[in-house]
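Look for chain A in each of the two complexes below; its partner is chain B in the first and chain C in the second.
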Partner chain A sequence: MRNKSPKIAVLSGKGGTGKTLVSVNLASVAGESLYIDCDVEEPNGHLFFKPERVCEEGITVKVPEVNEDLCGGCRKCADFCKFHAIAFIKDKPYVFEELCHSCGGCALICPDQAIDERERVVGRVQRGISGGVRVSTGVLNTGEASGIPIIKRLLEPHGLQEGLPVFIDCPPGSACAVMESLQGADFCLLVGEPTLFGVHNLRMVHDLVRLFGKPEGVVLNKCLAEENPAELFCLEKNIPILGRIQFDNELGKLNSDGRIAARERPRFRKLFASLLEEVMKEVGHETAAHTQR
Partner chain B sequence: MKIAIPVDDKSLNSAVSQSFGRAPYFFFYDTETEESDFLDNGAVASQGGAGIKAAQAIVDNGAKALLAPRCGGNAEEVLRRSEVVIYQSLPGTIKENLDAFAAQRLVLLSDFHPGLHGHEK
Partner chain C sequence: MKQLLILSGKGGTGKTTVAGAFIRLSEAKAYADCDVDAPNLHLVTAQAREPKRTAYYGLPKAEIDADRCVRCGRCEEACRFQAISAAEFKVDPFACEGCGVCELVCPVLAISLKPAQAGKLMLYREGDRVFSTAELKMGSGTSGMLVTEVKKQMVEASQEGVQLAIVDGSPGIGCPVIASLSGVDMVLIVAEPSISGISDMDRIIKTAQRFRTKIGVCSNKYDTNLANTQKIESFCAERGLPFVGRIPFDSEAVKAVNRGQTVVDVPCSSGSAVREIFRETLKLLFPEGVGVSPGA
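Entry: the complex of A and B
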């Protein structure tokens, strides 16, 4: 059975390989779809979509607040915090809010009930529409350490529209924010570039995807006539290559002007439509394989 | 007064560590009793908040001065609020820095970098 609303995570080990190029253009050729920008430290998909009717929601996390009148100075909270978000200064806890992971452990462990939790805004989620594409963007406030709460909110199931394919523009790298972005995905599309440095990072994200047991495929970006290390890597690891995007000045120009190539030029529409078809074939195949297991 | 220095090795000839929060050891020296001691830095492998944890160790061991080449903003906050004075260390060994401190040749550290949050950029 074909999955009607597959969630496709677009990944790459490093920045600048073309995650946004690929995910924005795939969402555009998919017609009715969802584009979710989980690269909350530097979201840029909205620069292409220029969404309209944007609604904004603040995202908060819980942080401890110490009531010094109740605090007996036992230090249990500071010793408990694995993130070193609580220092113990002059016999009182001192909270570094930006290091807090909102686990709530300090409030639980405090024998004096001296710790309450309060909400602190760390960023926002913007939702708008661009043609048939529903565009969700996560924005982490400058200086904040973790975008995870924003990514969680972006990917909450009830925020997703049943029946529409979802394209998740993931953060670069292979750290926590990437794991959070891909863990609910049905398929991982890795964007590779033809450099050794690119392959090093591609390998890291490939290992991560394998760790999560997700089906994957690669799209090779910026392809040149010469030998492509990313392609060799895919062949060696037996990763399906679902498409190739040639190094192309016009594509580069459109992209750097913040325009969506697939909406501007028929030849790019065709390119991304055929990539989408390949991706959907893989997703359908994988879904069927999962059902059989 | 007790002085703390982040160091690379457990030897008086050790260099001062380039990192405060992720130095392998801390060296403590008491100017009155002339006693000294090395302490393993438990923060060295921390995912995040190493500076805070390291600063806490300095405070908990009763040091009133820290000699370091650089220091993060969070660590500085813990130290300042705990009334620990931070001096800029000189390139060289522990011994050379203790001598410079005794001769009042060290200046206060005034430039604090932002927290690295476990990402050693």
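Entry: the complex of A and C
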């Protein structure tokens, strides 16, 4: 059975290979769809979609608050905290909120019940609409260390519209934020570029996707006439190549101006529509194979 | 030793290309790659010798002893990271952050924290030159602590009297970037003339300003969108940030990098621009003058 509302995570390892270009344009040609920007440190999809009717929600995490009148100064909280988020300065506990992982251990271990938790805002989620595309964006406040709570909120199942395909624009790299973003995906679409750097990082993210047991395919971006090291990598690893985007000055210019190429030019609409078709074919095939396994 | 950190906010704007060229021009005696979950600097700074490798242990991971476990469910209830499945009473190592709350609440002492390798540190040495880098183990998550280790390794291994260290950073504004910012003397931001690049530059500058370090900005592939390059320069002028130069789009640059060379190893337009930017950057970093060669 073909999955009508697959969740597709768009990844690359290296930054700047075209994750946002691919996910924004695929969502645009898909008609009714959901675009989720999980690159909460540097979210850019909204600059292309310019969504309307935007609702905003603050995202909070729990941080400890010490009641100094109750604190007996035993230091158990500081000793327990693996993240060094509590220190005793002049015999008084001091909380470094940016280091806190919100595990709640300090409040549990305190023998004087001197620690409560309060909510602290670390960023926001914005939801709006652009044409048929529902656009969700996570934004981490500058100076904050972790966008994980925002990504979790973005990907909560009840926030997703039943029956619509979902395009998840992932952060670069292959660390915790990427893992959080691809965890619930049905399929991973890797964007490769023909550079030594691009291939090296593609290899890392490919290993990560394999570790999570997700089916994957590659779209090759910025293709030139010369031999493409990213293509050789796919052939070597037997990863399906689902499309090729030629290096194109007009595409680059539209993209750098924050315009959605598939909405602006018929030839790009055609390009991304056929890429979407290939992706959906592969997703249907792969997710069916996965449920049989 | 003064540390120069190269950042960009957005990925793929040319951090490593600039860092590699700066290392060559300054004949740097100390440099590091802090992009531990997508490291590339080693690809353009050929190393003759094998590095010294050290296993890196991040925070430990919880482990449940099935023989002792009485399946009371307190650990699952207390875990804020949904790392314990109630069905099997097993810890998901990808989700576990090593906080130790489960160990604390377990009434029968069935849970202990076990060390977990999270990556490896590499230290290359050749004569008096040191290069510190690392690779995060796939699936092990947080990279900020490993970044701190990479920088520590560089500082500890470098010889006394070294004036300049060059550090290649990672994209974004979160924990690895914040870890790389600590203790640096100047940040050079490589901006890209696109709407995305400008938005990301704004956010990385706000992040770096919290550390009260000197900031310089250059624009890469400036001629791919002149109007946006202009916006980057006015942005800097309005905020009093020094703009240190423009690098043109250059297909020779890609070819050089694909051969494992830096852009200043071959005669090309981007290489000349980077030389000029290097000279300007040194003037900002060492206003009192310096013994570091400003490159040919």
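A few points about this structure:
Keep in mind that, in the parts below, the second predicted complex is superposed on the first by the 293 of 293 C-alpha atoms of A that agree within 3 Å, B and C clash if a C-alpha of one lies under 4 Å from a C-alpha of the other, contacts with A are read in each partner's own complex, and residues count from 1 in each chain.
Keep this in mind: a residue touches a chain if its C-beta (ideal position, glycine included) is under 8 Å from a C-beta of that chain, and two chains touch if they have at least 3 such contacts.
Keep in mind that this is a model prediction, so the values were computed, not measured.
Within the superposed three-chain model, A:Ala87 lies in touch with chain B and out of touch with chain C [touch as defined at top]. By the touch criterion stated above, A:Pro171 is placed in contact with chain C alone, chain B being left untouched. Look at A:Thr137: by the touch rule set out above, it reaches neither chain B nor chain C.
Within the superposed three-chain model, A:Phe96 lies in touch with chain B and out of touch with chain C [touch as defined at top]. Residue contacts after overlaying the shared chain place A:Ser23 against neither chain B nor chain C. By the touch criterion defined above, A:Ala145 lies against chain B and chain C together after alignment on the C-alpha atoms of chain A.
When chain B and chain C are set side by side, the one touching more residues of chain A is C. Judged by the document's definition of touching, chain A residues 83, 145 lie at the interface with chain B and also at the interface with chain C.
Across the interface of their complex, chain B is touched by residues 78, 83-85, 87-90, 94, 96, 98-99, 145 of chain A.
Contacts from chain C toward chain A in the complex involve residues 9-13, 16, 35-38, 40, 43, 59, 78, 80-81, 94, 97-101, 104-105, 136, 138-139, 141-144, 170-178, 192-197, 199-200, 203-204, 206-207, 210, 224-225, 228, 254, 257-258, 260. On the chain B side of its complex with chain A, the touching residues are 43, 46-50, 52-53, 55-56, 59-60, 74, 77-78, 81-82, 115, 117. In the complex of the two chains, the chain A residues touching chain C come out as 13-17, 20, 39, 41-42, 44, 47-48, 62, 80, 82-83, 101-105, 108-109, 140, 142-147, 171-179, 193, 195-197, 200-201, 204, 207-208, 211-212, 229, 249, 252-253, 255-258.
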